[in-house]
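Here is the structure we will look at.
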Amino acid sequence: MNTAANDAQARRERYERGMEVLSRIDGEAGQRVVQALDDISPELGHQIVAWGFGEIYSRPQLAPRDRQLITIGMLTALGGCEPQLELHINASLNVGLTPEEIVEALLHSAGYCGFPKALNATFVAKKVFAERGLLPAADA
Amino acid sequence: MNTAANDAQARRERYERGMEVLSRIDGEAGQRVVQALDDISPELGHQIVAWGFGEIYSRPQLAPRDRQLITIGMLTALGGCEPQLELHINASLNVGLTPEEIVEALLHSAGYCGFPKALNATFVAKKVFAERGLLPAADA
Amino acid sequence: MNTAANDAQARRERYERGMEVLSRIDGEAGQRVVQALDDISPELGHQIVAWGFGEIYSRPQLAPRDRQLITIGMLTALGGCEPQLELHINASLNVGLTPEEIVEALLHSAGYCGFPKALNATFVAKKVFAERGLLPAADA
Amino acid sequence: MNTAANDAQARRERYERGMEVLSRIDGEAGQRVVQALDDISPELGHQIVAWGFGEIYSRPQLAPRDRQLITIGMLTALGGCEPQLELHINASLNVGLTPEEIVEALLHSAGYCGFPKALNATFVAKKVFAERGLLPAADA
Amino acid sequence: MNTAANDAQARRERYERGMEVLSRIDGEAGQRVVQALDDISPELGHQIVAWGFGEIYSRPQLAPRDRQLITIGMLTALGGCEPQLELHINASLNVGLTPEEIVEALLHSAGYCGFPKALNATFVAKKVFAERGLLPAADA
Amino acid sequence: MNTAANDAQARRERYERGMEVLSRIDGEAGQRVVQALDDISPELGHQIVAWGFGEIYSRPQLAPRDRQLITIGMLTALGGCEPQLELHINASLNVGLTPEEIVEALLHSAGYCGFPKALNATFVAKKVFAERGLLPAADA
């Protein structure tokens, strides 16, 4: 095979590897985000899957549950990332964080990010938990 | 009384002290935020009331009017905190800031946070003022 | 003419100069933002036009196309500025950036601001492109 | 006088008006920042003085003391603005905020921005107070 | 005992409970931060200890190791919090996160916060690891 | 060749492609950042080079000069990224932005991010320009 064909195949394989991880972690919601990019920036969709999930998220040095704790912390602190937070709170439940742990993580965030961002994130969690029949949460 | 009962009572008293402050400053809107946390994170609701309002906001070293000026500055600068800004612009009116002063505070914010965040905050003020029959504002 | 009259005239002229630039770059959407400020903070509207566009944007040291690249970068990085991003993606198309360049700018932003903010900005671009009949984008 | 000469004079007058305000509020430290821009961006220095102080800060709708409360809130929330915070904590003392009020403002900020940013700002205040012989602060 | 004496004692006990947690997690470095507040804002120091550690961090709903993952994520995302990040990377090692996991957490952060903030945090980790004789890190 | 060997070779080639771009854009300063990661997070160094520069920056859809305008905008807006801004102002000069354009870009940023962040970035530019003998800047 020539170089260009090799490159195209390597690119495709990286995407498939990433999509396998993304589907396992995020479920259909993650796939829908990638599909929504199809007519505007398929390359962004490719890189989130192939690089973000295929090369980084899939590394064995940190368990998915741990990656989700960090991710929830980051998205809460950044602010304005409610759509991604919704996806990642769902993902957190998928990889084994309990509702009680997620709620506690957001309570913990108040001391570092302040109450407004902790509140924004907690109301995203409430929406996700409501959709999955997890309300009232364990602590409530 | 034993220690556990003492602790529970102290906790309840701190909450009541905070709720008295919260109700005076924020009115019913503040109570609604706390109630909305009931089935997801009652502890976050408790801490906002008992600690945020009962222990910090109620300290006499700074008047409520001054606290609101700082708070409006912070929420405008943070970005993405429009729900909290709405609450705190209402609170600012409740503790004696005039509509003209609030509008001027947000004009002043442009030089420090840039026009986009100043605009976001000003349109929140417009919504609050409209609901309270305060449009057109004094400067307009 | 006395000083006060001179000052008022100079102020009016700066506004007119700015409005000419604003209208050329942002079109009607920019004017609508200024009008929406009329009953809440006309001074903020005045300063965005007279200072932001009349004194800064209009300077010849940097072409409008270049200013829009910087602006898209800033608004993507700040987060929570989707309304302004919508205006400025429209403006970017008006001053000669191609849809392909805008999409690539937002792909480029992922490495510096992370995927969540790059996604938020890309979905704003998708909305703008859809309204202007520019979907699917060139890269798609 | 012709238009160009008029414009140059109006520009000079706005600068002088702003420098008068800046000097009164910030003292020599503010002038040093403007001078440090002389060989890199004199236009940025001009606009901070002529627009920031001459057109915005000097407006009578809000007292300097109130502007400083908002500014301290914004700079604390933004993060990474320690040099400007140092200037503005000095300015706050100059316009009548007491050390106790400034310390309380930063304690208040913890609930909205989190402890890390409140700590960063408080240590800037400690540096300023130390230089002005104001330690230990009133609350200490 | 009268109410004031009861309150003072409850306040002291909460502080002691928090200081016990702080000392266990952060070691002497945490105590030094609190001491540095003694002459500027002892109340901020009190609240970090009594509330932040005594009431929130000590809750059993989330293990210290998990709290540190979230905290590292938040401090990396916020930016400009290098002093706190240094403390919390030390704390993370103290509560059982391995150097390899911390390094991986910061690699993971790049996709959500971008490379610049991931780099800033990684160089803080390098400083901490160097001081504790942990370089080269496991992955290197 | 087997799959593992193929993967290792593809990884090496992506790194080399990225390093070629990085060296051309950033010069030795970029290589030094990557080397500084060698004993703490070589994988982060690898990904910045192989992905950031090899896969994203090198795409022909946007010229390096344009990428630098966006990047300067993002780093100024994020705040706390002075080390990266220093690198990227150097890079901007390397790919053809003039000192005058860079200074103007940062003046332009004031309206979107506020003066404090515009000042921080301008003083980084002053440092870079001084090191390259470019002071006083064209506009000064």
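List of remarks:
In order of appearance the chains are A, B, C, D, E and F, and numbering begins at 1 in each one.
FYI, a contact is a pair of C-beta atoms (placed from the backbone, for glycine too) under 8 Å apart; a residue touches a chain by one contact, two chains touch by 3 or more.
Please read all numbers here as calculations on a predicted model, not as lab measurements.
Chains that touch both chain C and chain E: A, B, D, F.
Shared contact partners of chain C and chain F are A, B, D, E.
Most remote chain with respect to chain C, judged by CA-atom centres, is E.
Most remote chain with respect to chain F, judged by CA-atom centres, is B. More than half of the contact pairs of C-E, counted by residue number, reappear in one of C-F, A-F or A-D; that pair is A-D. The greater number of contacting C-beta pairs, out of the two interfaces B-D and C-D, is seen for B-D.
Relative orientation of chain D and chain F, expressed as the C-alpha superposition rotation angle, is 120° to the nearest 5.
With centres set at the average Cα position, the gap from chain A to chain B is 31 Å. Taking each chain's centre as the average of its CA atoms, chain A and chain E sit 25 Å apart. Inter-chain spacing, taken between the CA centroids of chain B and chain F, is 40 Å. Residue positions 43, 47, 51-52, 56, 59, 74-75, 78-80, 103, 107, 110-116, 139 of chain D are each in touch with at least two other chains.
Within the complex, the chain C residues that touch chain F are 51-52, 56-57, 59, 61-62, 66-67, 69-78, 100-101, 103-105, 107-113, 139. Only residues 110-116 of chain B touch chain F when the two sit together in their complex. Contacts from chain A toward chain B in the complex involve residues 79-80, 103, 106-107, 110, 114-120, 122-123, 125-126, 129, 135-137, 139-140.
Chain contact summary for the complex, chain D toward chain F: residues 33, 36-44, 47-48, 52, 74-75, 78-81, 83-84. For chain E in complex with chain B, the residues that touch the partner chain are 10, 43, 47, 51, 55-56, 59.
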